[in-house]
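What follows is chain A paired twice: with chain B in the first complex and chain C in the second.
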Partner chain A sequence: MSAASLPYGGPSLDVRNVFWLLASMAFVVAPHLERTPAWATIFCATMLAWRAWIAWAAQRFPSHWIIKLLTVGVTVATLYSYRTFVIGRDAGVTLLIVMASMKLLEMRTQREVVLSIYLGFFLVLTNFLYSQSIPLGIYLLFSVWFFVATLVGFHRVGRTPTMRERLVPAGLLLLQALPLMAVFFMLFPRIQGPLWALPQDARAGVTGLSDSMTPGNISQLIQSEGIAFRVRFEDRIPPYQTLYWRGPVMWNFDGRTWKASEFSRAATLEYSKAEKPVRYAVTLEPHGKHWLFALDVPATAPPGSSARDDLQLRSVRPVDQTVRYELTSYLDYQYGEKLAGILRRFALSLDEDRNPRAIALGRQWRDELGGNATAIVNRAFQFYNREFTYTLEPPMLGERDPYDEFLFETKRGFCEHYAGSFALLMRAAGIPARVVTGYQGGDINPLNNELIVRQADAHAWTEVWIENRGWVRTDPTAAVSPLRVEGGVNAALGPIGAMNSLIAADKFGVLSRLRYAWQFANSSWEQWVVGYNVERQRQFLTQLGLGLNIDWRTMALWLIGLTFLIGGAISLGLLVRDRPRRGEPSLVAWKRFCAKLAAAGLVRAPNEGPLDYLARVTKARPELEPDASEITRRYIDARYGSGATANEIRELRRRVRAFKAA
Partner chain B sequence: MFANFRQSVSDWIFRATVPEAPPVTLSQRRIFILPTRQGYYFAFTLLLLLMASINYTLSLGFLLTFLLAAMGSVAMLHTWRNLAHLRLRPGPCPPVFAGEAAHFGVTVETPSRTRFAVAVRRRGEEPVFADIDASNVTMLSMPVPAPRRGRLACGRMEIFTRYPVGLFHAWSYFDFGLTVIVYPRPDTAAGPPPTHSRNESEEGIPIPGDDEFNMLRPYHAGDPPRQIAWKALAREQGLLSKEFNATASSELWLDWNDARGADPEARLSALTHWVMEAERLGQGYGLRIPGMTLPQGRGEAHRARCLEALALFGDPKPQ
Partner chain C sequence: MLLDARKPLASPIEEVIAQAGQVILGKEGQIRLAMACILARGHLLIEDVPGVGKTTLSHALARLLGLDYQRIQFTSDILPADVIGVSIFDRDSSTFRFHPGPIFAQIILADEINRASPKAQSALLEAMEEHQVTAEGETRPLPEPFFVIATQNPLHQVGTFPLPESQLDRFLMRINLGYPDAKAERALLMGEERRDMIAHLKPAMTTAQLLELQKAVPMMQVSEALLDYVQALINHTRHSPRYAQGLSPRAGLAVLRAAQAWAMMKGRRQVLPEDVQAILPSVVSHRVHGSADAAKGGFEAAKDLLGNVAIP
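Moving on to the complex of A and B:
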């Protein structure tokens, strides 16, 4: 018996353990740094360095009053940098980061270490408030791994564990946790949040259309590669030039800005349907506003939303998480043959003082063409077609009469210039007109036949009201650049941004295929992970065949059952690995070899070593020599040599099995 | 609070503590497991994470929460498994003097993997940790204060682990009935052993010593090697010991009546000191205490016999 290791005291705050914790903290905080104020970053780095120095040089911890002073200081600094008295999302996250880094300075005992690590798990969660993308998810999975590895390190005693001795057990724990996590994710009854009021800035920085249109604001949006929504059509995809996704409709006009009106009311849609409807499902990214996008015109409003009399769909709650809705639309329709007097007046209202030249031009057309609406529209189209250029970089326009400047001087513009000026001309010519913003077209992913509509597909067009025909879509941009409507903004303008120019240069389509694969992964991730909500859960469980009206009790039962099943499987796996071994495998094989020889009359004496035994065997039975010496050599190598690999053991066993002495 | 609760539950489960025959293998049935205080904090953290995920509808927050929850449940298995199938045997429990720390030894073997951070403790005392290496036998030696002479019983011991993440405490109890003999505290103020001879009346009676060869007698366990009659052994007469007579002048009796002290304990302390001194000087000595007389002798075994007699004088209550 030997005392192989000396007894130790309990787990301790070893220098390397502390470093692991500090590194994990730095790792999880890193994605926040682009958002937090500079002082917070510097403060965090200082705290980490200070704590590292305390551990490294065995320095004293700062006294309690310094910590208290710092706490008050950083709280005031945080509130001051966000100019707020309310702890919103950004201020809250900043505060949490600086507090967590300060907590490290109080970390003297095992208990405080553990609390710091739990705080680290919270910091992981705060990252998700800003993004739930695949790369960030992977990054934070690593950060959880590092925290668990740190936790493992703190529970070792004696010798400081190596990196492998931390990472392997932690990785094993997480790996074995994955199936249980998946089951919980799918089956844990989802509750529709929020449980309490969200701070104002919880959804800040979401891009999308706004409820007003000034020349220039859509062209900013168009630079964004962000996805607005995805569409899956039930059967065929309608022709590209009919893909007008309606968003906010703008009636109010002050001479420069078009604004969505509060005038539209909930209404049951009345229109004549002319052809077969198009059925499709839209997965809309959060944009923080109320409208839902649909091809005109939707037959019914999806649950939780209402249709307005100007064909807008408005969700009851703001769209601040990914939503999915199914729709049926008629692309060939007549709508609004009767226009109430008040609406008519509203659709003709103009500020006579602004853009006088444009108004004069409209009036001139009305007089020349005798008020024939179709003729006036055609005249306007010709006007645009002859002299205007479609560009993403239009010249700046003045504040007072921007459309005059655009129509008669610069003549270079983007869809919002055309839509805005066209509606103005129509109103001046006595034709009721309004601006519709939304998206046009999209990008078909050949991998799953899904239409991806990006912010870059944002568009603005107009609708004019014509006697006996109702509201008719007129898109002046099509008159200037037919390619925009038929082939998308890239076709009309050439590729935008570095990614697109790469794709344009890629002759063999490898990049674009990669891009589609990435989009496919992203879309599945968005749909099944990020967008997995109450409805998706219901849908998924129905597809699994758990019944249509699955309630939380059934879910809980399934959850408990599967948890036990998986837990049982894991413990069984561990138990099998733990089963005490029957003995050294090489020894077992060699004993079998001896038994075979014993059966042939050559019994090994208890004190006879393998080599002596071999000598006696070869003397008695020279013909067995080659096999017997090979087996003995291999056995000695495996047992007394440098050890044997699984393959060598297998080979030894095979030779013993093949060995015949009788 | 939970610790107390756990203690009373386990007391109820292990009502009778019968010393067990070694080796004790920690089978699945005798390992218990409950969350630690850290484990409860962890559960609370998970609850907060879950609420934040619901409130902000963070799907990845749900994933994080469930990953950590599943990690915790898997950790329970790992903690349990860190203790399972360990084999325990009693280790050395050497005697000590009162006032020193007694050490109860337990050896631990693992049949498979190395087990990290396994600890042994007696109730209410600091645990002793060690890694149980797969290729070796590990000895854990548990210090226990021994304030009074007599027999110190170790009683029930707990072997536990919290590895790998400290969320769970897996433990088992075992009791080998280990005892340590605690000698009286030597009273260094008692001076050198008294050298006067009190046995003139018994002159002529040979007293075992080692000055003058007397006779050969059968070997007794504990006889020093230099007393063995090697020549007799070589003549195949069996194992015999040479017996010497001590000369009356060097004959030393450590007598209860010579030891001064207010109470028996003080006398025992003085006698203990004398035994140590006599042994240190290489003198033969005998011990006379009420109810027991140990004949003249010398050497490690003799000293141990004397000290044990002093330790157990008057049959003190086991501690």
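Moving on to the complex of A and C:
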């Protein structure tokens, strides 16, 4: 009876093997659970439990009608949950998971087991659509190991193997694959840019700066431990207070919200004074928007991006995967002395009806100081310095005149309050002003001297336009809390967030060192594994001495050559390990005999003696009896008896050669 | 069929087994193992509850092999002298005369050996090992052949002195008789009295024949390949974490002898891995101790051993 016609799960597939497969499936699907809809999670768990019950209690498999019905059901449910079909990443993954779990209900034979395991490997891959972090990588490595161990169990002849007997051979198999994997990783021709675009929904939920600023939204961002980007400087890291990372520049103001303007235009970067250059490379985490961050002021726009006339760098593609770019910035600069009339109007525009007291104060300063811009800025700084408090928990401000309330009543605020109100005061005083958002400062990892800029370093400052000097950075937050600009948010406000509090409490610095080590590992992983693109590959191969202009054909040749070399080395090793010991030609002949029978489906168990094997063979294939028993008799005589002469061995060999089982 | 040409050596053995099988029903495997044990000049330990036919087995074997038979019932107050014998002053000749104990017989059933004190146990076990007893300064050889079947109640019974591992090692094999299956039990219930059946048994071989067979056992061909297999088995128990203690060299020798006896009973001159596999559970079950799962018992550990070691 063929296994396919068996109605029950029990006799054909070993229960423990099935449980291994189910457990591996559950393991690989687990990271998806937080993303898939609840119905899919419950459905998947039910399918696994059902299959486990079928195997455990030797129950009947569901009829194909039930499976067809379920298929239609989950398809409709997926369609309903996502309003789309397999187009989106989430919908596709969900459908794959529920279908894979349903496939288990059809799993009766070895062939279908193999299919399910391959599906499992595919599910491993889908996890990488969501994250490519080190922990997930390790987790998925374990999933692969479990699946291979399951495969080992299903292919074992005879007794069901123990856990050790599964995991150890599976681990060895993976280790054997390791050199091949490394070669493929290093040499497989990389494609410029992603092969296919990540679907839209991949970008949901990334934190970062937005293109508008309302009092309160940066202080929310500051609670985040997330990394915005990492910077590696070619030389020394510049002084902390010069580390202004320019992001979106806000021109538009409606009395409450500052917005990035559509007025900024593509421009070439030209400075009337550009000194103190610093060279550095930025590894930017995906944030789903277009801008790239650069130290004020960038010399050129990196490839794939363009510069705006307000010095913003905008990437052509949204930053939806980690990008790395190299830049030069000038720390000492002067630019924008000529301000076109229309831009000047925009930089002065304000809604006269809102925040009237602030506007009145600005006008009063202008009149008192006779329009002297420098004097007005200084007056404003004194104003802030005297009465204001820097705090992460500012009071709520009203909808209509929030800056009036802030400037004259609450007087407690965060950088966006200061930047926003300062720009408003300047515009009222007749000085063109705009708000710049971005990051300020960063955190130096002593292990690799890398600057890590977090969301917590988000900042907002202002730029004012002064006759003959152009756009000048003015940071009112520095007037209120110089510590913020010199030592970061944590220095100014004390530790923010659970992690920072822990680190501050840890007197011996173990935690912070651990965190740095982890960031170091992460950064290397980002740069050399996830971010291993065409550039990196070329750089790496050049370091290996494979030539600077290695093209993909040469790479492919190397790849093929190395694949054969490694495969050959491993095969040779296995051959040498398993070669029959010399001086036992009877054993060689016997193994050949066993191999012929194995090819015909009668595999000799490793602990099966010759007579037992013969009995089993003749029972299954009575027509083989005469030849097989003669060979066995000769083998027993030669190996377990008094030995065999060269002639007898020759005869045994001849008979084995002539033996046909298939 | 295969290897039939070399059978004559085995035929009286087959006769013994066939006849014993008529008395002890449905236990052919155990009878064969007991026979192999005798042929290999080893001793047999039967661990089982009372009333499953231990006495019947030993008595029947004694009758069929034409050997004299003694039964020693061990109790907690038995003394070594009760086993070995004692010298008594003979007034007529004014000398001490040795009165041999029950151990001076060819087949001995040492019943419930674990109820005796260790001192009495060791008297028996020494006799088993040396095939001679020393009493009052004089060494007296035991008759040949000399075969002890000891029985032991399962250890959870009250008032027993379990045999230590070192003593267990002196038994070549340990077997369980177990309950008969339903068919055998019915035949047993309906058939005639076992005692009468034993009384009517005729020896199937002479003592000389048995001694000759015993001498022939070590002559059975053991090839390098088979020694490789035996060594692989022993090594596995020594290195695998599954076993608390590996097999001793004496255990290795026991495996080989028993396998040789088994091959002889199968009518073969060469010892094959199958022979080793047939006797291994009985030979090693009381010598290995699974470390992981003590309750699982030696038989399971021995079967695992067979499953885990490939034939080289």
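Definition applied: the second predicted complex is superposed on the first by the 552 of 662 C-alpha atoms of A that agree within 3 Å, B and C clash if a C-alpha of one lies under 4 Å from a C-alpha of the other, contacts with A are read in each partner's own complex, and residues count from 1 in each chain.
As a convention for this text, a residue touches a chain if its C-beta (ideal position, glycine included) is under 8 Å from a C-beta of that chain, and two chains touch if they have at least 3 such contacts.
What you are looking at is a predicted structure, and each value in this text was computed from that prediction instead of being measured.
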item: First, second, both or neither for A:Arg83, with chain B first and chain C second; value: neither
item: Partner chain(s) touched by A:Arg553 [first = chain B, second = chain C, both, neither]; value: neither
item: Partner touching more residues of chain A, whether chain B or chain C; value: B
item: First (chain B), second (chain C), both or neither touched by A:Glu608; value: second
item: Which of chain B and chain C A:Lys619 touches, first, second, both or neither; value: neither
item: Touching partner for A:Leu140 - first (chain B), second (chain C), both, neither; value: first
item: Which of chain B and chain C A:Leu180 touches, first, second, both or neither; value: first
item: Which superposed partner A:Thr632 touches (first chain B, second chain C, both, neither); value: second
item: Interface residues of chain A shared between complexes with chain B and chain C; value: 158-159
item: Interfacial residue positions of chain B with respect to chain A in the complex; value: 37-38, 41-42, 45, 48-49, 51-64, 66-71, 73-75, 77-78, 81, 84-85, 91, 107, 111-112, 116-117, 119, 126-131, 133, 135-142, 162-166
item: Sites on chain A touched by chain C in the complex; value: 158-159, 584, 587, 606-612, 614, 629, 632-633, 636-637, 639-643
item: Contact set on chain C toward chain A in their complex; value: 1-3, 221, 223, 225-226, 269-274, 277, 306-311
item: Chain B partner contacts - residues on chain A that touch it in the complex; value: 1-11, 111, 114-115, 118, 121-122, 124-125, 128-129, 132, 137, 140, 144, 148, 151-152, 154-159, 169-170, 173-174, 176-181, 184-185, 188, 190-196, 198, 202, 321, 529-533, 563, 567, 570-571, 574, 577-578, 580-581
